[in-house]
Amino acid sequence: MTMIFGVPMAVFMGQLTLGLVNGAFYALLSLGLAVIFGLLKIVNFAHGAQYMLGAFAALLAFNYLGINYWLALVLVPLTVGGLSMLIERFLLRRIAHLDHLYGLLLTFGLALIFEGTLINFFGVSGARYATPEILQGGLNLGFMFLPTYRAWVLVAALAMCLFTWFMIERTRLGAYLRAGTENSQLMQAFGVNVPLLITLTYGFGVGLAAFAGVLAAPLYPVSPTMGSSLLIVVFAVVVIGGMGSILGAILTGLGMGVIEGLTKVYYPEAANTVIFLVMILVLMLRPAGLFGKEA
Amino acid sequence: EISDGEVRIGYLADMSGTYRDLAGPGGLTALEMAVADFGGSVNGAPIVLFSADDRNSADVGANTVREWIDQRNVDMVAGLVASSVTIAVTKVLEENDRLGIVSGSAASSVTNEHCTPNHIHWVYDTYPLANGTARAVVEQGGDSWFLLTADYAFGHALEADVTRVVEESGGEVVGSVRHPFPTSDFSSYILQAQGSGAKIVGLANAGADTVNAITTASQFGLTQSGQQLAGLLIFLNDVHALGLEATQNLLLTTGWYWDMDDQAREWAQRYFDEVGSMPTMVQAGIYSSTMHYLEAVQAAGTDDAQAVRAQMASQPINDFFARNGRIREDGRMVHDMYLAQVKTPEESTGEWDLYEILSTIPAEQAYRPLSESQCKLVQN
Amino acid sequence: MSDSTTLSAPRVVAKRKRRAGQRRALLYAALLALGLVAPFLAYPVFLMKILCFALFACAFNLLLGYAGLLSFGHAAFLATGGYVTGYLLASYPGLTPELGILAGTLCATLLGALFGVLSIRRQGIYFAMVTLALAQLMFFFFIQAPFTGGEDGLHGVPRGELFGIISLRNHLSMYYVVFAIFVLGFALIQRTVHSPFGQVLKAIRENEPRAISLGYNVDAYKLVAFVLSAALAGLAGSTKTIVFQLASLTDAHWHMSGEVILMTLLGGVGTLLGPIAGAGLVVSLQHLLAQSPMGNWVSVILGAIFVVCVLSFRSGIVGELTALYRKNFK
Amino acid sequence: MSVDASASPPVLETRNLTKTFRGFTAVDGVDLQVQEGHIHALIGPNGAGKTTVFNLLTKFLPPTRGEILYRGKPITPLKANQIARLGLVRSFQISAVFAHMSALENVRVALQRPLGTSFHFWKSERTLSPLNARALELLEEVGLAEYADTLTVEMPYGRKRALELATTLALDPDVMLLDEPTQGMGAEDVDRIVALIKRVAKGRTVLMVEHNLSVVSRLCDRITVLARGAVLAEGDYKSVSQDPRVREAYMGSEIGDDEAPSERASA
Amino acid sequence: MISESGEATRQTSEASSATRARDILKITDLHAFYGESHILHGVNMNVKEGELVTLLGRNGAGRSTTLKAIMNMVGRRSGSIVIGGKETLGMKPHHVPRLGVGYCPEERGIFASLDVHENLLLPPTVSSGGMSLDAIYAMFPNLHERRKSQGTRLSGGEQQMLAMARILRTGARILLLDEITEGLAPVIVQKLGEVLVKLKASGMTIVLVEQNFRFAAPLADRHFVMEHGEIIEEISALELAGRRQHLHSLLGV
């Protein structure tokens, strides 16, 4: 068996593949965060919780309403995103003019509320969400056995990332959003209904998190705490990519997935830490992240 | 002379975090059941309960207990789940000479290097888990192991125990990987396990990590490809959450199972009516240990820690929970343990019909022999 | 008229400053008195916990409120102080607590210098994230390093005898030591804020390029502020370890860095007393809720309170109070 | 473009100073020489590179190419704050003040550095009060005495500019670089500032960017015209304002209406 | 009504005709606040369709605030602002511009996150008949040259041009311009002058806040002089010659 850096070729390739899958996942989550931060300057600490809500909504929808995975994939992001718009409209908006810190504090509080409440009703052990028929089983890639579902996650996540990137960087709406968050007062003086834009954007960003949540449901046990551990990793990804840089979030997400995957082979103990090492190195060399515009 | 005319018991456990379902609110209910069954008072002295959430933090735990002692003059602390909290708390108990009964913690160090004259370890610890499961698996022909180890003290200890047992019983550990604690995505490690070609993949981790590992393993068809999982620290609530599809045929060692005999079933049913889910061995252990404690207080006629501990140690324990139970001088309550296998969906007849008990591991063989003990209370 | 203004203006300034000064002095005297009698009114250990976190929050506030730098890695300093002190006292019985504290604080200070050098040039959120990242590396180190006891934590730290004479096993004597340390730390911060250095710091926060064009090496000033803050955070950690006789990963976890931000914001950023109020509030809440029947709703209730505070006491408790005071007395 | 006559060595000199931003050349091989004691104006169309030149001279931007000499010594490698310590102090095009400090404190911050106690976090700020008198003098020079105690945010824009100048003066600079000091000021303020600059320029060298030609004509001994980043013309106001290229590129036909009577008289 | 206004647009700058046109902007007893501080103390002014008026005054007189108040960009307002016959005091900020009002702020408000071109295209058109991109680029060649670079990378003056050009595109009929010649080179200033004349000729209504009286004087039909948040003087172009001295004394020129 051919070896590469001291591990069997097959294993190495396998790790790369898995890294990509996780990466796509990070990309999706950090994308939502980047959209919200980049456009609304809200450090959305509820993002992890909202991702968790996505997974839970899918689970409950299935158990109580019999709504299947595919439907959930559409409905859940809409619902969770929609509800989060209320949060923006009635909570976040009232502190929009304050330092970002307050947004962080508020969303952090919300995260505590969401998680705490669900814990009291569903405990923390986590429940299983069945993988839809079509996506069960796996593909034999020769060097590894890749569960079909993970392949699907890769595709779905990347597609969604691309769509979002296009929306924001290439459409007029995107331009409004970028400008509106810089000087919303002036945008209003131009006749743009900024508050509405902001609300929609927040809803969209959270929708992305919820979408990721639904994707995750069949992968990991659905538990109220599934989001909190992910949060700062995803946050780090956004920063490495360059705050608010959509493309940055996507590419960094993928990259970090791979790097983390390889760490799991060569120095597994550090798997959760490596991303921060990378972050330090990157910010040493490029103060505004890989794709961030220098202020 | 019962201090200030009341027997005061504090229940300290993780009420909201990872170990919530293992002990948590359910454990408190079990404790209340015990007090109620005992009649609510000892020799006329009413029994008073306090409870607190330790949020799995040694600080919080130790402070809560310190305050209970300073402010409320609490006599006994029950529950005690996360090992870090337990060790911190037992130090406080020793300093103030109060009693603690540890039901939730897994670390065998609790009654080894960290033993004190002020606490008793009731339900289980990693030693019998490794001992029971690993030995049985090797005997069934699973002689080459790959270990997924949680990268912290507890995981390392468990890994050591397993390795020893496996080698003693003629198997070998071909490899292991230490994953950070906690880890949500195990795919990479499972892949490495598959690459290792070992027959058995042992999970030297706990709680959410174990659950995640098992889920991922089933996704990657680990068992289909001829390997087998051995969960070393896995509880009823984990299996229930994972579902039989993912866990079927898993071998594990448990200190108690609700369906193991009539006594157990009878109590479990009462608990189920209260809580709505079947009790874990920890929750059952909390009831059992509290009963034994209260009886000791009654017999000793005092709630002084040392007197009660002596009294408790003097009595063998045989109730719905423990068989051939006795408390050793290191504070370890040794009792029969059971090797169980998770049923397949077909075999299972109900939501909670999860285990099949394969064999009993006699109390004296199950736990670390005193001869190997580093406990300061044991003269070697 | 011009010279009348020349004369009157400074007089006004001086008078107003003096009046404000007197008021502040009065307030501090009152608080000091309160601190001295407190242990007879409430449970000393609980008070000590509040004091430790208050000092921690004050240290953090010095950086955020007066240098405009948001560090998301202050847990690292708290933990370093704690672990070093804990380890030394636990393994060298001869060592007296004050030396232990000194050593702990010193290490935190050095770490602060290291963090500072690596992060100080980064702006805004990037600065926050670099500090977070560095703190995460420290967390990893604390898990791996044998002397910390990893997940189990570092236990059985003796309180020992202060200067080898006064035993601290008694809560009351321990309390007064902690109180003294806190007062010293607070005094240092209050002085720093109202010092020539503080003035420059404020200028930098207001308009960095301008400060540079006035010839100030802003990075150096930020660094000093950062190191000061780290040192005080370390001091808080060391003291905490002695009080509770243990050091654990909780102090190193990023949640701790988050908690101190919460305390400071709830109390009022850039107000000297705010962090104390914030720490008091958060600690008491956790304390009360953990033992109430609402126990398992603790995180929900905390969350709700944060939300409410952010929505209705934006400038923090102290900020709100001062505003109220200004309204009614001017 | 060589400087005619004046023998004494320039206080400030640039050689082939060049700055490019991602391929776009904002400053293109500028050779500038500022003579001791001159008030030297840098004028030119918008985007000519004036502010950028300032940023280069004060090291707020690193030059892409070229050299900067101060009194004959190369200062190209120094940092921005070191430049300031040498005595080259700048003001900003968009007013730069410490918004949440009183006008007095604004000036005092500039005064306090020479005390050398600026790192002394253990000293009381009362040790700074001796500076108040001087600070007030400066405020009065720019007519802000009555604002001494007001927070700067609450001052009208024009006053902020004046305050900024006072702060610059507080450093008693050898060379002052003023980027459009009269921008956004009412006519009366402008006159005050012009008079002020005239006054404080004694014994100093001033390099200023200014669009208001009446100001330039009244103040400046020497004028350099930038266009598209390069020096277009140089000389005194008269010669420059006669230069057809300059008229075409910059002044347009504005010269000649009641713009600068003094000049016309002398013309 | 219609015919009148139509007439007003055909005939240009004479104030005389403007007087016959209707008020397209009428402000009565306008008070405005920034938080606690009371900035405008009962401003009264009216602008007729097709008219160009200036707001003169010393720094801090409240001219910018007046414009901001019209756009509903200040804290609290009271009084009445009627635009094209509609009372706007109750309106949401983003509804005001849809009445055909274009605002060019004092601090320019160029967007860093957009390049010059995007900045130019940003404001939604409120009505047809705005200037075309080419026309604008022809008018401000610098902008064309720098169109791909980040908005705030432009020089002070370039930013000013951009801010001005931006609203010419939207087809607004009422322009509120705050110190548009600020920091602009004389050539550009002249150009802007010409532009304003053109715009006026095309029937636009313009309110000009100016520091540069020399620039404003020849363009305006009427001058309003502000002092401490009030209009203290109204001078028509005709009276101007006679009252220049008086005006200078008011402005402290």
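In this document, chain identifiers A, B, C, D and E correspond to the written order of the chains, with residue numbering beginning at 1 in each.
Simple rule for what comes next: a contact is a pair of C-beta atoms (placed from the backbone, for glycine too) under 8 Å apart; a residue touches a chain by one contact, two chains touch by 3 or more.
Chains and their UniProt names: A, C = Branched-chain amino acid ABC transporter permease; D, E = ABC transporter ATP-binding protein.
This structure is a prediction, so every number in the text was calculated from the model and none was measured.
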item: Lowest number of touching-chain links that must be crossed from chain B to chain D; value: 2
item: For chain A and chain B, chains touching each; value: C
item: Separation of chain A from chain D, taking each centre as the mean of its C-alpha atoms, in whole Å; value: 49
item: Inter-centroid spacing, chain E versus chain C (mean Cα positions, whole Å); value: 51
item: For chain A paired with chain C, centre-to-centre distance based on mean C-alpha positions, whole Å; value: 33
item: Distance between the centres, which are taken as Cα means, of chain D and chain C, whole angstrom; value: 43
item: Interface hub residues of chain B, defined as touching at least two other chains; value: 16, 20, 151
item: Chain A, residues touching no fewer than two other chains; value: 116, 119-120, 269-270, 272-273
item: In chain C, residues with contacts to at least two other chains; value: 296, 298-299
item: Those chain pairs that satisfy the touch definition; value: A-B, A-C, A-E, B-C, C-D, D-E
item: Of chain E, residues touching chain D in the complex; value: 37, 57-60, 142, 146, 149, 153-158, 160-161, 179, 182-190, 211, 213-214, 251-253
item: In the complex with chain A, residue positions of chain E that touch it; value: 71, 73, 92-98, 103, 105, 109, 111-114, 118-119, 121-124, 126, 150, 167, 170
item: Interfacial residue positions of chain C with respect to chain D in the complex; value: 2, 5-6, 9-10, 12-13, 16, 188, 191-192, 194-200, 202-203, 206-207, 209-218, 220-221, 224, 228
item: Partner chain A, residues of chain C touching it in the complex; value: 70, 118, 121-123, 125-126, 129-130, 132-134, 136-137, 139-140, 144, 254, 258, 261-262, 265, 269, 296-307, 309-311, 314
item: Interface residues, chain A side, partner chain C - complex; value: 43, 91, 94-95, 98, 100-102, 104-106, 108-113, 115-117, 119-120, 232, 235-236, 239, 243, 269-270, 272-273, 276-277, 279-280, 283-284, 287-289, 295
